[in-house]
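Letters A, B, C, D, E and F mark the chains as written, and numbering starts fresh at 1 in each.
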């Protein structure tokens, strides 16, 4: 089948404008895109405040307007780097190319014989999930950095209250 | 938010016409539907020949034509009934009603305070995954019982050869 | 310290009159008794309908009238026989003698150098958990075979409805 | 049944006078109390030197003099915040109110719909497990801060030698 | 490096003359051989009476006389077919060809792109581990079917008593 | 049987000249030696760059010239100190004495009743795995500190490129 499918992994805590731009750029190179949600089994921590289900809502809503078919797939941590690529491949529709700027992810895909592309988007974009979470905790204007669907989901789940409470620990 | 979201769990080995009819029936009752793929971490067995990723492909392709937003979410087995509902809830967009005819699933959701609806569809439909897998092994006409997208995915992954080899064990 | 502590393992689904007699017999031989609840992480199955917490309630209530100090300790399954004794020892107050008629349990304790005593009680008692669960399902008079506290707990948790629903699967 | 049961979670490394006072305060508010031993599967570390079994001994002995029925229940770590409350509930007799000052624990119980009470005791008490462990390592007078039963258990298991050896790492 | 390394997987409960012949046949085709001990974490069951460590002793002793370098590697069960090959590859020295007559193993290696060879030895050899274990239980002459080193190890660990006790369950 | 078997545990990231000297010293005290590879399931990290299989190759090749029978056994992490000794014993040929200078390992073996010997070699040897890994990253002369077989394995698996890529994270 002539379809080229890409794979993009991230924790998306939360999914923000930089991620959306990245997806739009990748969408010009592939026919379909799988968005893998890493650390899917972690939540309610400073680093991973949102559950996989909440992140699926954020991402699916946002990507409805992207022109290509996207799949949003939670990837639970296995804590074994040597089988991680097989784990991802078993949870995801088959893909031909992986997108990442993370050195470990790149190394694991390369050793498994999967093509990896790095994009300038990752660097151009100075937005970071950690900074947005910091704004959420401090009461700053985090909303400007994320798609509207993310604001709605965070609202629906009372997410700001959650991250602030956890932060007190 | 006024959205009513339903949750339907199954192993979908494979997703067949009965499942599609069921989804269409549920689609008249809810605004959005989460399709949970159970035993997502099992594959390459007689009972669960297809990986979660392969099942996601089958289901996403087929449900593109259903009129409502659907989410396809793999649910890994936890082997602990007492935490299963929490596990499902953490992996899925929030839902208000679960659809199932499985007594254990019904019991677990009820004890967790989740509304469960049984549909006559489950009974009306005499199709079973196990019978379709039997046809695949024996060379019967399984294709008539599944949506076209499933035939294409099984083909792409060389699924008939896989299930026959495993069956020899 | 001159205390002799015994250890008794079982699944106690549910704890019944035979178990109580057994505890009373052991109580004449030791100063304190640890009651280990096996398969503590299993529940909502025909074989293990009750959670560890429910079984703790049943047992603690019943053993309040036994003359010696008892500890009720849930033991999660590890599914690795070779480390099972260490697992039990880490979850339990230190004990000097184990009581069991189960061949595997006896063998594991012996290989680990723990004294094991078999009691005639196990044989004299023709009551079995599986038979009591059968009575629960069929609407028989299971109450006569269990201490009063067990009847109350099963009632409180709506246990008969649970085991019957699961049984339909 | 009119019984009100409380739930108190802690690691109790070791159980000390502050914990005992806390239990006595809670005992005035509830009919029965479940003491959950967190990180039950961890031991032989600076942070968690004592096994669950050793902590059960410490706590059971100490609470015999409290006027209400108490249950001491080891809670193994699951490392998944989203299912932690269900895990606790499956291991514990049913409870109506949880006691905690830990922000994450409070947040998880609240999201699960469980009533949480904070007590001033937590703050009034400036005793901390970490400080008592420090005194054990340095040869200070830790005994004055814990009930007599804890001194006896630490003695019986040669606990001071253990924590000092581990500390050398 | 010009070395060709083969990989042979089995549970070896126990390692018997048929296995030794098989290794000798493979030794004519490869420079080095990895012997993978499957279900390494299982023991003290009818199907897997011996621990991984005991099987390592049996096999290492027996293969000292084979002319090529052999590695004996325990492989714990992962219970996820889709990552099993990666798991094996991470635990084993790199190999170029796998030997198996097991349909599932063959299928998994083929899907992972590993060359698999079947040998007639598997069929010619009517010896089975299950039959030897049966002889051990019934007091038959199992010794004639296994290398001398296996007899010595079974003796050293009191293996006949173990398998008979477990069998009583 | 009169054989005395020793057990030496380490992560061997990588196995270096200090380890080899240590093995040679121990070889004068025992008849056979088991080399346990700790954290066998970890790889592709700064602290554990090499897989268990790669480390088995390194060690087996190097120890062929030692005069006694050696076994190289991967030991996966269990993250439960209280069952660690049982885990090791189930994966290893039976041993009479363990060699270690690690305080936690010493404490766990002592509590389990296993004889532990510390050797001056550990201290005399100022080589450390972490320093060799640092040299690998920085392009220093790490080869002089390891046996020739290690250089060959690191070469074969392109190990320097791997550790440098991971280090960029």
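Operating definition for what follows: contacts are C-beta pairs under 8 Å (C-beta built on N, C-alpha and C of every residue); 3 or more make two chains touch, one makes a residue touch a chain.
In this text the structure is predicted, and so the values were computed from the model without any measurement.
S.K.: How short can a chain-to-chain path be from chain B to chain F, counted in steps between touching chains?
M.R.: The least step count works out to 2.
S.K.: Through what angle, between 0 and 180°, must chain B be rotated so its C-alpha atoms fit those of chain C, rounded to a multiple of 5?
M.R.: 120
S.K.: Which chain's C-alpha centroid is most distant from that of chain D?
M.R.: Centre of mass proxy via C-alpha means gives E as farthest from chain D.
S.K.: Going by average Cα coordinates, which chain is farthest removed from chain C?
M.R.: Measuring from the centre of chain C, the most distant chain centre belongs to A.
S.K.: Cα centroid separation between chain A and chain C, in whole Å?
M.R.: Centre-to-centre distance between chain A and chain C: 47 Å.
S.K.: At what distance in angstrom does the C-alpha mean of chain D lie from that of chain C?
M.R.: Computed value for the inter-centroid distance: 25 Å.
S.K.: Approximately how many whole Å separate the CA-defined centres of chain A and chain F?
M.R.: 38
S.K.: Scan chain E for residues touching two or more other chains and write them down.
M.R.: Where chain E meets two or more other chains at a single residue, that happens at 41, 43, 51, 80, 82, 89-90.
S.K.: Can you list every touching chain pair?
M.R.: After working through each pair, the chains in contact turn out to be A-B, A-D, A-E, A-F, B-C, B-D, B-E, C-D, C-E, C-F, D-F, E-F.
S.K.: Could you pull out which chain E residues touch chain C in their complex?
M.R.: It comes out as residues 41-45, 51, 162, 165-169.
S.K.: Sort out for me which residues of chain B touch chain A in the complex.
M.R.: Of all residues in chain B, those touching chain A are 1, 40-41, 43, 51-54, 56-57, 60, 64, 69, 71-74, 76, 89-94, 152, 156-157.
S.K.: Which bits of chain C are touching chain E when the two form their complex?
M.R.: Residue positions touching the partner: 80-82, 102-104, 106-108, 111.
S.K.: Would you mind writing out the residues of chain A in touch with chain E in their complex?
M.R.: 78, 80, 82-83, 85-87, 89-90
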